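In the two complexes that follow, chain A is the common piece, with chain B as its partner first and chain C second.
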Partner chain A sequence: MNCARRLARITIRGFAPYATVTARESAKCLNPYGSGVQTLRAFHAGFGHLKDQSVSRGDGHPRHEGSLVTHDSLFEQAAVEARTKAMFNRVLEVFVRKDIRRRGHVEFIYAALRKMPEFGVERDITVYNKLLDVFPKEVFVPRNFIQRMFNHYPRQQECAVQLLEQMENYGILPNVETKVLLVQIFGEKSHPMRKYQRLMYWFPKFKHTNPYPVPQDLPQDPLDLARLSLTRVAADPDACVTVYQMPSTDVSETIVADVSLPYVVGIQSPEQRSLLAKHNASRPVFVEGPFPLWLRKTCVYYYVLRADPVPPEEKVQEPVDPERSFFYPLELDLDLERDLGDDDSFDVDEVEEGPIFAMCMASRGDQATLAKWIAGLQQTNPVLGRAPTLFRLESVSREIQRAGESEPGAEPGLEEEPPHRQAMKQ
Partner chain B sequence: MSLNRLVLFSKSVRCKNLLTPLIGQFRSVTTIQSQRSFRTYARNLVYAKDLFLGKVNKAEVFPYPEIDKEELEEIKQFVGPVEKFFNEDVDSKRIDHEAKIPSETLNGLKELGLFGMQVPEEYGGLGLSNTMYARLGEIISLDGSIAVTLAAHQAIGLKGILIAGNEQQKAKYLPKLAAGQHVAAFCLTEPGSGSDAASIQTRATLTEDGKHFLINGSKIWISNGGLADIFTVFARTEVVDKDGQKKNKITAFIVEREFGGVTNGAPEDKLGIRGSNTCEVVFDNTKVPIENVIGEVGGGFKVAMNILNSGRFSMGGACAGMIKKLIELTSEYAGTRKQFNKSLSEFGMIQEKFATMALNAFVMESMAYLTAGMMDRPGMPDCSVEAAMVKVFSSEGAWICVSEALQVLGGLGYVKNYPFERFLRDCRILLIFEGTNEILRMYIALTGMQYAGKILTGKIKEMKKGNVGVVLQMLGKKVRESVSSTVDLGLTGNDGVVHPSLADSAKKFEENVYYFGTTVESLLYRYGKTIVDEQLVLKRVADVLINLYAMTAVLSRASRSISIGLRNHDHEVLLANTFCSDAYFKNNFLMAQLQKNAPENNDDSMKKIAKEVLEKRAYICSHPLERTF
Partner chain C sequence: MASILARTLKNYNGKCFLAHSLLSCPVICGSRTSFYGEYRRAGQPRDNSPPWKKIRFSFAKGVEGVQKHFGLLKEEILGRWVGPQGRPLKEHMLEQTRVQWDFRGPDSLKQWIVSSDQEIGGRSEVYLELSKNISTCLVHGTLCSTPPRDGETRYSGYCTLCSRRLLSSFDRKKHIDWTSFNTLHLRIRGDGRPWMINIATETYFSHQKNDMYNYFLYTRGGPYWQDVKIPFSKFFLSSRGRIQDNQHPIWLDKVNTIAFTLADKADGPFQLEIDFIGVCNDRAHTEDFAYELYKRNPEV
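Let's look at the complex of A and B:
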């Protein structure tokens, strides 16, 4: 009927690969009309699929040309107005309402998937479900064993798999609605359904594999971000964060950047403090950095205060004071060592590193700023007043910087470069 | 029969040996006590330590120590009035509620002489032996607050003067302390220092004239801190040692409140023993004359150790006294309360609780008086390991028993109208003070390991070197053991010391001791001196040793009872046999856990669990209702 007419029209256009698909699409429009027709059509569809596959392997993506343009432009028109979720949803609604047969929905979905990050909805499960909802229901569900055996409506299945894959890449876990939709569209044992099941098997398992999870939304305030980063680097619940200098900007001056005070935030644990107290004041301590720390797509830099490892001749093993414990001996006066068979320690070549006494983050990495940190530390660690402090500051490679900044969601201003850094390779 | 006679004979021999010269000179019992400082020969008692070598030094613990008739009469004279006083004049409920011991009660205690029980008669005390002290402790423990107040006064507070003070100090302070005119307190613990002497911050500095020390610092959790007039204070002093280096060492001082600069904080509000006064004591430039140093300057550590080690044995008697009282109170309830037309006492699970209580009381009592008897022997024997074992066993037993008694009573035990909840609160402290049980387990195990290690080092080194002779000797011994299958350490049989009705238990004990010896040897072989770091191993070693010592005590006591025909000795034999077989299986399990790669041993997993929890400082499992999708 209608379908045959359209087929003829498309063939005239000479767009063969696309023709099969559209033919199949028109076939599904007929599905509700009767089982007799259905079997016939299904067989036809199966044939179409084979042809389609061979073609799609041949030239990959460019086959979407033509009709894609219109779908992309739909989104681009919307983007002119506003790039929001509501707008994205409206585009979907417009498409669904435009044509009851949802002609070209596969292309539309591909286009939508590509446009999702632009609209900021790439992590929104409801949008994905809405996008799945664009597929017509029940027509792609195989009805007999032959259909089930062969790849039934491969382009549609592939498209749905692509959609699930994008969800996977963004770490979005499908929900029950997704499952219901997939069952309605492709049936229980389709490829998208398998993909869904695999996602549901592996995703929950991997959800908490990171023992040090980074919050999804990093704090906006650079001070809070510095606190978060420093506690993360220190990994010691006893360590306490101190703000040595609050950021402030003197607005009355004309050149704002020169008079703004950079923030200086440091962290030190009691253990580090006692290590520092034991530090031999005749040996220098070093302020080193900046070292990068990646928090999702943001890169921040921190500085450490460290010293060289204690030379072996200075290491004195303090003998255990026999008058130390009131209740039990702290060591036995025996000439017996641990048996080899019970020595569970591994034989590892260990390279000893110097102790790290404190860490800090500052919005400016010049020596003057970091000296404020050392001055602040000196109040609780008097040894710093006696030991020479050397600043060994390097410049950060711009590549890393850019990577951090160009990503959406990166903290602007945080990675602002200290003035004296030269362009140096990493 | 022959064994009976033998036991009696050996006992009489011992009594003659030990007491004859003394009785010859002094008639009364108390003079024997004061004569305890008359050191004829320094005997080193090593019963518990010998067990580490798989040896039973039976002469030390068999027969069960006893006091002679005059002493018994005298103690009975003491016990009567004290018991009467505690039953009639002590209102424990009020003491607990008001968190204060009323002054008339304190006066009553002073009149009875209970403030100077172990102070020699020449200084106005009662001059009681350790055995008699333990006996009175049984009664005093009926009120936890009073027991702790008295213990803080004389078991630790004035003990420093008693054991390490010079004649002038004794003459100056002991009479008033013994009479209760002055109350003593022991000031060791500080905010930053529990058992670690290195973190003691209180300082004593010599004044310029060299005649006084100025003490500065604060001490926390001082029992009697608010009442005391005399304090035994431990502070750091600068001492020049042999190589001319200045060192900070601990010194013990007698500090009078009158010296000035002594203030105390408000009494702590505690869970139990609420009537005892516990508070912070602050010394601010307290001027102490140099004569008030106990022992020598810089010798405070030993003084503190000796005081702490000497006081522990009495807890056995105290706990036993409390449990005996509890049994009386709860059995009355169990006999009268009816459910389903049966009295509670007919239910198996209730009966089991009473059996547990009786067993525990019996074992504690046996251990306490065995230890006290050993300590009363001439020559100031070192029984600190034994005393620590008594403390650990009895404090834990008491906690279990009070809990069981409460369970028998059900809801009644939980309300404040009845004394049971107070007993429960009071006895919780027993596991904590005078050295926590964990620390004492370390002490028990390490002391023994040190002793055994000294003796076994040579042999183990030979074995490690692969000396064929030693290894063959070991193998031969093993083969012989496996063939003969029973271990005989001489407790039973021809020259045995255990009554035949306890022979099975004695065999079990011997087997345990033998395998304990081999276990210790293999532990030393495996860990050497690094065993100090294997706390879970040491805990098991200590537990086995405590069980062994408890078995010794009950075997010895029951043998004596049956031999001299004490009333209800058959019950004692039953208790002893039950306890021994129970302890035997526990020991076997513990020693199986101590073997290398034992499947029973979960230590590594336990350590790992703890590590993961402590890393996060929280329970880290997800909530069971959590979901990931």
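Let's look at the complex of A and C:
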């Protein structure tokens, strides 16, 4: 509680030139034990008189020293005001200034590590360095070979290792300042130093291993997010993204409820377009979905326009146009004897799956929204006007698919198994 | 009956094969207990039942076991006449690719085990089944990274698909030899989540039983299949989930299992489809080991 009071006092100092009233209120809510008068007196006395305060503190306040009070309360009181990086740093400053011996710093660091995601500073290297700075310097450095041989100050070393482990889990690379701090605190060959060295060895090695990288901060605009995920899914640089419907919210006068138009963004590559042009119009095409796609911790859903696999009797081998390339032959009919050692193909049956014609993302997964996508696709793919379109949307309970579950044109159970909902659209 | 118990007890800790008994019904104990006990988690009740309670005598099981094991033995003996490992010598020497696991039919799922953090008290769920076109396997479920409230577990949230280790007749160990290949080839379709591939090899000392070689498997997501080639030189050694300081290239002569682990801390549903898992010989890849080794602590 001692440091809590001091935190309140610093809060007052920080805010005093601007608004004394708010400072007084914040001091009240931060300091449940002290009276407002007392904190105000501290405010008038300034920061230099802290020692007198600690002497005069004994007047009837419940003191928690010696009991099992964690340092969470310090952060919780700070969280009442604001959960920001500045507030977190201020809590650290309060703790550091409280006691020159930094008594209870291990518990404080564990509490701070737990509270970091709450304050939104879990991916900030400067905050981690500041937290390491709480450790007293040069106390835990082993001075002779016996101390070096045995685990010198094991609790403190474990605590620092756990701090580094939390950095590792959030993917933060330590910097030189971390190293200097660790050397000052624990010495050259301590366990935290070893952990630091391991992090510095392995992190850069695995930094760029992902062949499909996702940006750390995803775009906030749903259209940009849809564009990003569709280009990722399509895996074709030629594919072009089309926005079929912009999101908009209209408050109309006649109807009470506002009508919000969902966005529909689709992607189609030229190859998919030529596949769709060759599609037999008597066979249906399916709109399937929603399929999940994970971009780090966010999940988006996309829909696919596809057909059943082409039956073998309908497959036609199109002859390759010999004039497509003048520089080298596209077909060679040579009867070359291939040795077994030259065979690099896998002895496995091909998976028969239907061709995929287009993909889209929509903010609402009902049939009316997806029909707009199909209608937009018809302008470039006239086959869709002739071929029947079946909607096979899985009825999973998702917040994206909240409205329009029962469509007037929906005829459930045409020829599909019960979990699929489908309807005919012509 | 007492003699049955005595003989079963005597054979219980090893690969037990009891050819006949007083009832003249052959009993084959398929249970393989490990030499060292499993770690008992906090709050888990102690298993105090005597070992003979765990043995289930069944005539049908005995007959089935005899058929299976003698069938395997027959295959093994007759395969020697064809060539090494039951394949012609030319194929054995010249093969450049090998499909180690594929999923063509429901029987192929018997070679795989799924597990999740429910074993340590977590709440993830994982299921393994064949996908709609009966020729690929689909691992799906839900990941939940809330750690169990047992006071000692700090992290949770994983799901694993692990292959069973191969056993030849009479439950003898059988290893996969991949020394003539240098690349792992997978055909997968995921949902954008990163997975991890764990390869466990046979080890000599019992303290190495948790050693695994790992690498990452990144999925693109989307409706298209994805061919992934991972050179074996990129696999790094870890034990109990921690990367080790002393690294060495993976020893491919005695591979036991391969596993796929998902633990990316993103709570929610996941799915991964696997078409086949094979190995190939990429002649353009000449790297032995991807990680340089520093001298530790100038000399340890």
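Methods note: the second predicted complex is superposed on the first by the 297 of 426 C-alpha atoms of A that agree within 3 Å, B and C clash if a C-alpha of one lies under 4 Å from a C-alpha of the other, contacts with A are read in each partner's own complex, and residues count from 1 in each chain.
Following the convention adopted for this analysis, a contact is a pair of C-beta atoms (placed from the backbone, for glycine too) under 8 Å apart; a residue touches a chain by one contact, two chains touch by 3 or more.
Values in this document were obtained by computation on a predicted structure and should not be read as measured data.
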| item | value |
| --- | --- |
| Chain B versus chain C as contact partner of A:Ser248, first or second or both or neither | neither |
| Contacts of A:Pro237 with chain B and chain C, given as first, second, both or neither | first |
| When both partners are placed on the shared chain, which of chain B and chain C touches more of chain A | C |
| Which of chain B and chain C A:Phe327 touches, first, second, both or neither | first |
| Touching partner for A:Arg296 - first (chain B), second (chain C), both, neither | second |
| Which of chain B and chain C A:Val304 touches, first, second, both or neither | second |
| Set intersection of chain A contacts, chain C complex versus chain B complex | 339, 341-342 |
| Chain C residues touching chain A - in the complex, by the definition given at the top | 90-91, 94-97, 99, 102, 104, 133, 135-136, 155, 185, 191-194, 216, 218-225, 243, 245, 265-266, 268-271, 275-276, 278, 280, 290-291, 294, 297 |
| Chain A residues touching chain C - in the complex, by the definition given at the top | 169, 189, 198, 201-202, 205-206, 209-212, 214, 229, 232-235, 291-297, 299, 302, 304, 306, 339-349, 351-353, 356, 359 |
| Chain B-touching residues of chain A, taken from the complex the two chains share | 173, 175, 200, 203-204, 207-208, 237, 321, 323-339, 341-342 |
| Chain A-touching residues of chain B, taken from the complex the two chains share | 188, 195-198, 249-250, 301, 304-305, 308, 435, 439-440, 442-443, 446-447, 449-450, 453-454, 457, 460-461, 464, 524-532, 596, 617, 622, 628-629 |
